[in-house]
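Please find the structures below.
Across the two complexes that follow, chain A remains constant while its partner is chain B and subsequently chain C.
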Partner chain A sequence: MNESPILVQKVSRAYDGPPVVRDLSFAVKPGSIYGFLGRNGSGKTTTLRMLAGLIRPQAGEVRILGQDPFTIGAAERQWLGYMSEKAVVPAFTRVSSVLNLGRELYPTWDGTLADALIARYDLSRKKRFMTLSQGNQRLLSFIMAIAPRPRVLLLDEPAANLDVVARREILDDILDLIRDCGCTVLFSTHILSDVERVADEIGILAKGSLRVSETLDSLKDSIRQVRFFGFPNGIPAGDIPESFRAVRGKDEITITLRTNSVTTPETLARRWSCQQETRALNLEDIFVELSRN
Partner chain B sequence: MNTPKQFWALFKFQSTINPFIYFFPLVFGVPLLIPLMHSSFGKDYHPSLDTLLMIQNLFFVGMIGAMLVSPEKYQFGGLNASTSYYGTEFLLTRAINRPVLYRARVTLWYLLVLILPLITVLHALNDPDLVVEEYATTVQQSCLTQVPGSTLLPSETKKHSTELISIPRGNVLVAEWQFWMFLLTAIATQVLLVLLHPIKYGKFIFWAFFFAMIFLPLIFIFDTIGKGTPSLYEALFFSFTSHQLLCWILTASALVLTQLGCERRFVTFEH
Partner chain C sequence: MFFLNPSSGVPLYVQLQQQLEQRILSGQLLHGAQLPSVRDLSAELHINPLTVVKVYQALEREGFVETKRGLGTYVAHESPALKIEARRRQIGPAVEQLVAEALHLGLGEKEIQALLSEKFRQFKSKS
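Our next item is the complex of A and B:
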């Protein structure tokens, strides 16, 4: 049995056209937070929907706590919390009805936590879901995902439409949940500062493929942007192996690559008999460089 | 959580999910009551068996079914809509067994479409016997041979030029037949919804059927006017009355088998 609570192995998935996710593999360590980054349409939501058991992969397999999330029943699903990127709570339903449903369906429902969050986020129980602001709709969806005290929490853009205070509070709540019950979290986001703040590991998805999956420190240490210049015989042609991105200028090439791979900046500079200048990247730079290609 | 508790929780939630699900049964179901209340308008006979049997609102069974059983699939733009009115994704990602969610939705649907036909049956019990005017000899003969207990009224009680037929418990039979028709339509719609769900253009095929259900009764009427033969509704009614027990047994079996089969199919669908 694999020990990763969230496991994605060689997964591909298409809808009507080309694959949205192709040959995707990653695993999330127990009790860790995995930040899932990617541009719009990169396949983040499709991956999360497969993990939530809403759709199935066409190739490969996904596992939540060792089981296929598409076929699990209520007993196993109580350990899986999911927050969609969309407002999926029925529009006419009152906040109190939604909370009642949670209390009735989950033996592990933490009413004290739900009440505390409702009070902290200042949500009115009498209001219908559609009359809540978009931010409050997200907060209610978040409460529904964490109040059952799940072992695995999947959050699709949890901080979208939230003000900075609410965003901070959500991140703190996620950290509390992990501290209290060792929950494993996978969350997708566009907000890089959130990832930097809480994620233990980061995956960057581009066009359905995972470009990197590692810790933030490892990413920052290993990925560099290198400018090669002073070519004696002009700019070299052809692909550059193991590079994430290469931009050819008039007299120089700028390459984003791993400094700890076989093709290091030094080997390239020796091969081309040129000079090189290395620049460290922050997470935003890395994300942009890896997502652009 | 055990299945009955889960079913009850989901049923309660579904029943409050969207107030519009109660609008259509009210609007399209109430006309059912009107023909049966005819006798209370001061006449002692009904002018035509055919008009009594005419059901033009069966289509709303399909409409409610599409709204409740698989709503996002059968609504245009439903899957990509920014607001959800039925919460399928929300419910499927809670701690539920998917067959129980399907069962809760189907139960609510059947209750909504059968409640008014059931009321007509109860109403008919207050005034069970039916006297109906029928001029076509073929229809008269079919009625007399296939509807239990039906008789031509003796001439001294005739007040009209055409024949009157007395059907003991006739109003109850008509109401039961209407109930049966609604139940059959719901079962057929349930099968259709599930069969079409995985098909790419299933939504369009379903709504084509839906509009056909609206217009087919009109075609049946025009087809039988002035021919003196039993209309489709009359033929179905005569078959129902002459084989009532068999009809109910077969319908109950179909209901159970359809439900079990559809639950098994529903859990395999992507949403």
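Our next item is the complex of A and C:
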């Protein structure tokens, strides 16, 4: 299958005010884990809700496995696993009833996988949903999303409220799912170390638009922070083309840019007859640089 | 065991590739030795299988390993040309760093060469 299992094309969506998502386009390759990053309010949850078929874009279109998720029937829905930011389950429902619901809803429900995860996460079947810790509620929601063995998995902040060990476990479970059935995953998170470990592609959303959407390797390979210093004629003024961000100090400028663009650190240093010093950025640095104005 | 730091500016595939090359060059992994499967290694390191695939493909391109279809990935017979070339490449970043620092501190080529010779002597007398 060459078609992208997750496709967003020129999508815009507003609620009551200005658009939360603006003219957003990206695609996730089959078998990929796409880390969807952005500050609070940048439009991540709205995008995921559109992909899950809960709300419709006002412009543009979204496609899951080539179909409109808003109109797919029950048979296709089991291919689409979705873990929302907040699970809505009646407070007194027992864990066992939640699992039974999954079995009834999804013909592809993998009871063995669900049982294994329940045991691994140490969840009690008799407990009522509201008596579970927030972390355990997240884990149960995660089981509900992956036990039908979906072909596309959408996870909205799966790691929120989880401790480090539980986070590692669900990351391993996501990786297992990919190894076993070539699932394609889109997940939003604020925990960048998780993304750096498992994601191969990254999208950084700011104010409803993507600043970047590419492989994590190419981001790390190409984005550099460069300090220019030793200016003979004072600091140059004006915009620096193709740069993400420039911070001017008293006698130096620090610029975040791509080394594979036309304007390289070397060409700038030559133009300004100054010296330069380059450093690589990790994902947290890149995220901060690209999310700021 | 490999030591990967996902929160580094160096991409994971580069880290893993360097460590595997280093083991092959230093003889810790002998020719004919089988590398772990993509599946096993990605599970062990808790990383995306695509990262391991990328590293194995790069190692194969560079001539470090051979993939026998359906059997697995094996350390290739060494070619002397590759070995010296690959060793130079491994040490390249360290040399570049050294020269950059030297220029920064206003130390010349002669002074650095003297310091290097001194270090070589120290290491040789220790071993």
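Operating definition for what follows: the second predicted complex is superposed on the first by the 291 of 293 C-alpha atoms of A that agree within 3 Å, B and C clash if a C-alpha of one lies under 4 Å from a C-alpha of the other, contacts with A are read in each partner's own complex, and residues count from 1 in each chain.
Definition applied: a contact is a pair of C-beta atoms (placed from the backbone, for glycine too) under 8 Å apart; a residue touches a chain by one contact, two chains touch by 3 or more.
All values derive from a computational prediction rather than experimental measurement.
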First, second, both or neither for A:L101, with chain B first and chain C second: first
Partner chain in contact with A:R197 - chain B first, chain C second, else both or neither: second
Contacts of A:A74 with chain B and chain C, given as first, second, both or neither: first
Which of chain B and chain C A:R270 touches, first, second, both or neither: neither
Partner chain(s) touched by A:L54 [first = chain B, second = chain C, both, neither]: first
Which superposed partner A:R125 touches (first chain B, second chain C, both, neither): neither
First, second, both or neither for A:K10, with chain B first and chain C second: neither
Partner chain(s) touched by A:D221 [first = chain B, second = chain C, both, neither]: second
Which of chain B and chain C A:T93 touches, first, second, both or neither: first
List of chain A residues in touch with chain C within their complex: 31-33, 168, 171-172, 175-176, 178-179, 192-193, 196-200, 216-217, 220-221, 279-285
Chain A partner contacts - residues on chain B that touch it in the complex: 1, 5-6, 9-10, 13, 16-19, 82-87, 89-90, 92-97, 100, 200, 267, 270-271
Chain B contact footprint on chain A (complex, rising order): 16, 52-56, 71, 73-75, 77-78, 80, 82, 84, 86-94, 97, 101-102, 104-107, 130, 144, 148
Chain C residues within the chain A interface of the complex: 6-14, 39, 42-43, 46-51, 54
